[in-house]
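Alright, structures below, take your time with them.
Both complexes shown next keep chain A, but they swap its partner, so chain B is in the first and chain C is in the second.
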Partner chain A sequence: MAPSSALQQVLLSPAELSYLHTSLASTPPIRPDGRTSRQFRPLIAESNILPGTNGSARICFDDGTEAIVGAKAEVEKSRPVFAAREEEGEGEEMAEGQGEGGERGRNEWVDISVEIPGMRDDDSMPVFLSALLSEALLADGGFTRKLWINRRFHWKLYIDILLLSQPLSYPLPLLSLTTHLALLATRLPRLKSEKDEDPMFDDDWEASVFLFPQSQTAKPPATLLVMAVSSNIIFDPSKEELAVAEVVLAVSISSSPSSFTPESEMDVGERKGGSLKLLAVRTIDPPSRLTHPGVPNVVNTATGGTATDNMEMAMAREEGVWKSPRGGAKRKLIAEMIRKVLEKGGVGEEVLDGLEAVGLE
Partner chain B sequence: MTDRRRINGPSGGTSAPIFSKYLAKTPNELLERPTRSRPNNALRKMFLKTGVTPSASGSAYLELEASKNPKSTAPGLSSPSTSGLKLTCTVHGPRPLPKSAPFSPHIILTTHVKYAPFATRKRRGYLRDSSERDLGVHLETALRGVIIGDRWPKSGVEIIITILEGEEDQWWGDGIGHGNTAAAEWGMMSVLSGCITVASAAIADAGIDCVDVVAGGVAAVVKGSAKGPSPNLVLDPVPSEHKEIIAACIVGYLPSRDEITDLWVKGDIGHGNQNEDTAQSASYEELADSAVQAALGSHRVLIAALKETADVKIGRS
Partner chain C sequence: MPLDTSTYSLALLRLDGRRWNELRRLTAQISTQASADGSSFLSMGNTKVICTVTGPSEVKAAPGASGRGDEAVVSVEISVAGFSGVERKRRGKGDKRIYEMQTTIATAFQATLFTHLYPRSTITISLHILSLDGSLLATCLNASTLALIDAGVPMRDYICATTAGSTSSYSSNDEKADPLLDLNGSEELELPFLTVATCGTEDEVSVLVMETRVQVGRLEGMLAVGVDGCKQVRDILDVVVRARGKRILEGSQL
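After this line comes the complex of A and B, so read on.
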């Protein structure tokens, strides 16, 4: 019956929480590790580390958390589809759409599993994380289309995400960035057979093709963790910062293929990935709601105050006394957080570009 | 984790053979996809009643009108394309935690969302699968911000929702035809919105202090019909009525504070930095604002249902 986010519980006293909250709420926010509000923790990243997989990656944050992701692909027979029906009036549209529509993927072709030490695989945290990561991957249907081989066969992609260390901080950004990197490095054998033949592959690994070719703008998604304290928006929060957060959002983005408007042609020079696209947003229950509240001196019998049965008095917020946040987040604030992730030259672009540089090495 | 205590049917289900002579050859023999007869900004009719389970400290039942096929003459109930939503919620507690539990300064909230085995076209097992757990986590996020937890230290409350009839993820006819099989779990969004509203009613019925009653609302961007090809923004979408849903958003909304406790958006959402592309698909903000409008609609029903219960209670005593 322990609370689901018991893992996130930080052992900080109400006074410490209040101090942390005040410093994060000041302008500009003062973070305990001295970062600016949009700075990420330093990390070590490498890809293609597991020879037995189609693609793999490892990322290690400087607080000692480390994750490995391996992607393995198998050829699988597709379930038959009865394509005998064609709707009236849509006949032509269907016929020309067949080429592209036929290559529709199914969500069941991707299997994501998340393993976190010390947690059962049916605990809420791994379930939540794998749901979040897979919904980002499947959001626009473009990813499963890449797994299509022909009418009868497809690739089944297993993505196994392993957190190697204890979950010292909320593991979402780490796992998502590692998955992104592993998918960038994933290669599939080159197809030699044609059309609906039984698939035959080139057995030369050197000739294999990338799942996300570097020439194309489509990139795997990445999920970022954003939190807000009063009106300050802070990226990549650490565990202590999360303990005083008022809103926590997981925002999944990917770079969308650049549209051919004159405007986007202009900035091709600076960034070939095109603009960013929002794939999914989820609020995350901030662990701050489970923290112990402080007791102001006036109502604390231990410090000479008198206990009150006045509800107003008990509810009142006093400066310097920690009260866990209540209620939700303002609509404007959430929209602003999402805008900050997506804006040109913002954090989202920075992260995606940085990860791409790792893959190129 | 498999269910080993009961004799269960095959987990995946088998597909019955379809003989070619049964495949429709002429268009008018085709099964009719249900169509949305409401305007884009109208919600389905909602039935909400509290206090349906006497043994629980609070309970509520919610039902959304099933979409009817305009041409079907059958009285609707067991017609194959109806999909409504029926949820029942019970709240147990607040009650003291067991002696062995560690001290907690707040109420400990446990949410449990379960589909009944017969709730969907494909049978659900008795153990919760990952999507049900995911719904539970969302519901917990939506409710934790609302309940004033520090008034009940050292106690726990359990919120149990059984989905008697679930929303479908796509029209069932798509599954046997040329399927748009990439259908994401869009039905889950409407289910979650219903779960938030019904849980909120049950919590109020149990007399647990809240900052406001939270209401759920869904909005979606759907691909336009053949006539109007541009995507439409609809409130309270029924997945089986639309050929393709592009993006959907669900919010748990507190009207009196204008705050959102739970937000879940997914799909292909328009570019965040506004350029000419906005015509192509709605931006996040439009989507979220429509979801809030939907939530305001269900909030009105919620308040009316609570008032009704209060009147009955006062009238009796």
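After this line comes the complex of A and C, so read on.
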């Protein structure tokens, strides 16, 4: 479970938390900023802002949080892989028949670093975020395969993620969307040399090739934050909403090539219809667990009640009195949350399409 | 790789086509980030810096530690992005050059801001360097000025900075050597240069940093060109600030 303690704690009283919780749990949910449950905060996005990088992007959320991502690629000599060689030696005819089938990426070719102001590089939050973002990127091995030049050389891609403002809300969606945008804009010089020669590149930047060409369906992953209050599923939660969340999920998705057949133990319903595939799901420890509970009048000596040592009575939930959520999430609820992200015409598609439009401008 | 500066004397044009007294393209935006008290984005040529200002706010550490109870303390944090240079390089926070720049900027603004109005508080300037191509200290100083204005911290006048260099580093062609304004990254590697910042229109020098060796006779010319460049920078920053002020006024009349 992801740490949430690194976030600044929202200073809300039990009464305020209870009010928020009740309004978010009602049908339809009433959000503090008047959005519908699947509406995102408005954002400003631009790509290709830094000429010194292979690809870069900046996203500014409505609440003022801002992130910049720069991707930089360097040519690196590949380590010889003896185990793989042997395999190729055995099935040489097959490998030749496959043509480019020998292209195989390695996870260490991608280096993601996250910088958050006021935090050290080895604090849990940046380390966790970079692990989560690289997990989504490396999930199906298709990304590292794009970095393959020939058997002796490969691209090493450094992705530097800078959060420029204080982490007001959980910064994961911001960082992920900015990374997505930067990777969409990333271009690598066109290769001029052939096969296993020392790589030679076209020095005309106009001739460079996109890492994710627009003609192909493969797109970089995006990680969305989804939360649930009772049975209501809410997208892109703000800081205040997270303070009363019962379940928080980070769902990583990417658009799938049509041939892809998802394999998953969990039944998430009608996934075949959508053009998205699920890469990773992580639960995130909701900050609401750290909030202080309210005390009902019955057991509050200050309001004429009598203090109780009866455990059950102290734990009992009462309408209008805030108790921090306990226990895990229901599997049905989690399945429903994932389904809502992946469904055709759902939030996931909307976000990916929106970001692609930024790159085109 | 040494830079070939010998071609300069042929056409009196620099590698990027500028004449000796021309600035690079300087663009600035103010109030770029909503969540910060003050923010700015400034680019001088290919050097791009984002600056955010927090404060004046209460001192977080024990007041005895900072040692100043009667005025605000200016602290500066500079972070250089890994992708800023030609090659990707991560710089740690303990880099000595960065540390020296932080001190230079903090001292300059400590003297120019009206810090006595904010006792027991701190003003934090954080600078994010996105792209690096010479005149780094000058760009950081200009960006900080804009962000501090945006944050509404009272100050005596703008601190504007540029760099100035000299075309030749050996003494034989002393007469022909030209001073140059606003050096880019490759010129900085090759030529002696200084960073100068002035406060206000009266040519009052508030920062002067020089790390390379140069003949004493050339220093005056370099300084004069630098101070003149600061004036040009001040005009550009002034336009940006006034445009922003006008927008705020128009907004408040509605």
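Operating definition for what follows: the second predicted complex is superposed on the first by the 320 of 361 C-alpha atoms of A that agree within 3 Å, B and C clash if a C-alpha of one lies under 4 Å from a C-alpha of the other, contacts with A are read in each partner's own complex, and residues count from 1 in each chain.
Basically, contacts are C-beta pairs under 8 Å (C-beta built on N, C-alpha and C of every residue); 3 or more make two chains touch, one makes a residue touch a chain.
The model shown is predicted, which means the values in this text are computed figures rather than measured ones.
Asker: Considering only touches as defined above, state whether A:52 meets chain B (first), chain C (second), both or neither.
Answerer: The second partner, chain C, only.
Asker: Quick one: classify A:236 as touching chain B (first), chain C (second), both or neither.
Answerer: neither
Asker: Which partner chains sit in contact with A:65 here, chain B, chain C, both or neither? Use first/second/both/neither.
Answerer: second
Asker: Contact-wise, after the overlay, does A:349 reach chain B, chain C, both or neither (first, second, both, neither)?
Answerer: So A:349 meets neither chain B nor chain C here.
Asker: Mind telling me which of the two, chain B or chain C, contacts the most residues of chain A?
Answerer: Of the two chains, more chain A residues are contacted by B.
Asker: Taking the complex as given, what residues does chain C use to touch chain A?
Answerer: Residues in contact with chain A: 32-36, 46, 48, 50, 52, 77, 79, 81-88, 90, 126, 128, 130-133.
Asker: Within their complex, state which residues of chain A touch chain B.
Answerer: 1-4, 79, 81-90, 93-94, 101, 104-107, 121-122, 124, 127-128, 130-131, 135, 138-141, 144, 249, 256, 259, 261, 263-264, 275-285, 289-290, 292-293, 324-331, 334-335, 338-339, 341-344
Asker: Touching chain C in the complex: which residues of chain A?
Answerer: 50-53, 56, 60, 62-66, 68, 70-72, 74, 113, 115, 117, 158, 160, 162, 164-166, 168
Asker: What residues on chain B touch chain A, complex-wise?
Answerer: 1, 15, 18, 20, 23-24, 27, 30, 97-98, 101-102, 104-106, 108-110, 130-131, 133-134, 136-138, 140-141, 144-146, 148-150, 156, 176-184, 211-212, 214, 226, 252-254, 257-273, 275-277, 284-285, 288-289, 292
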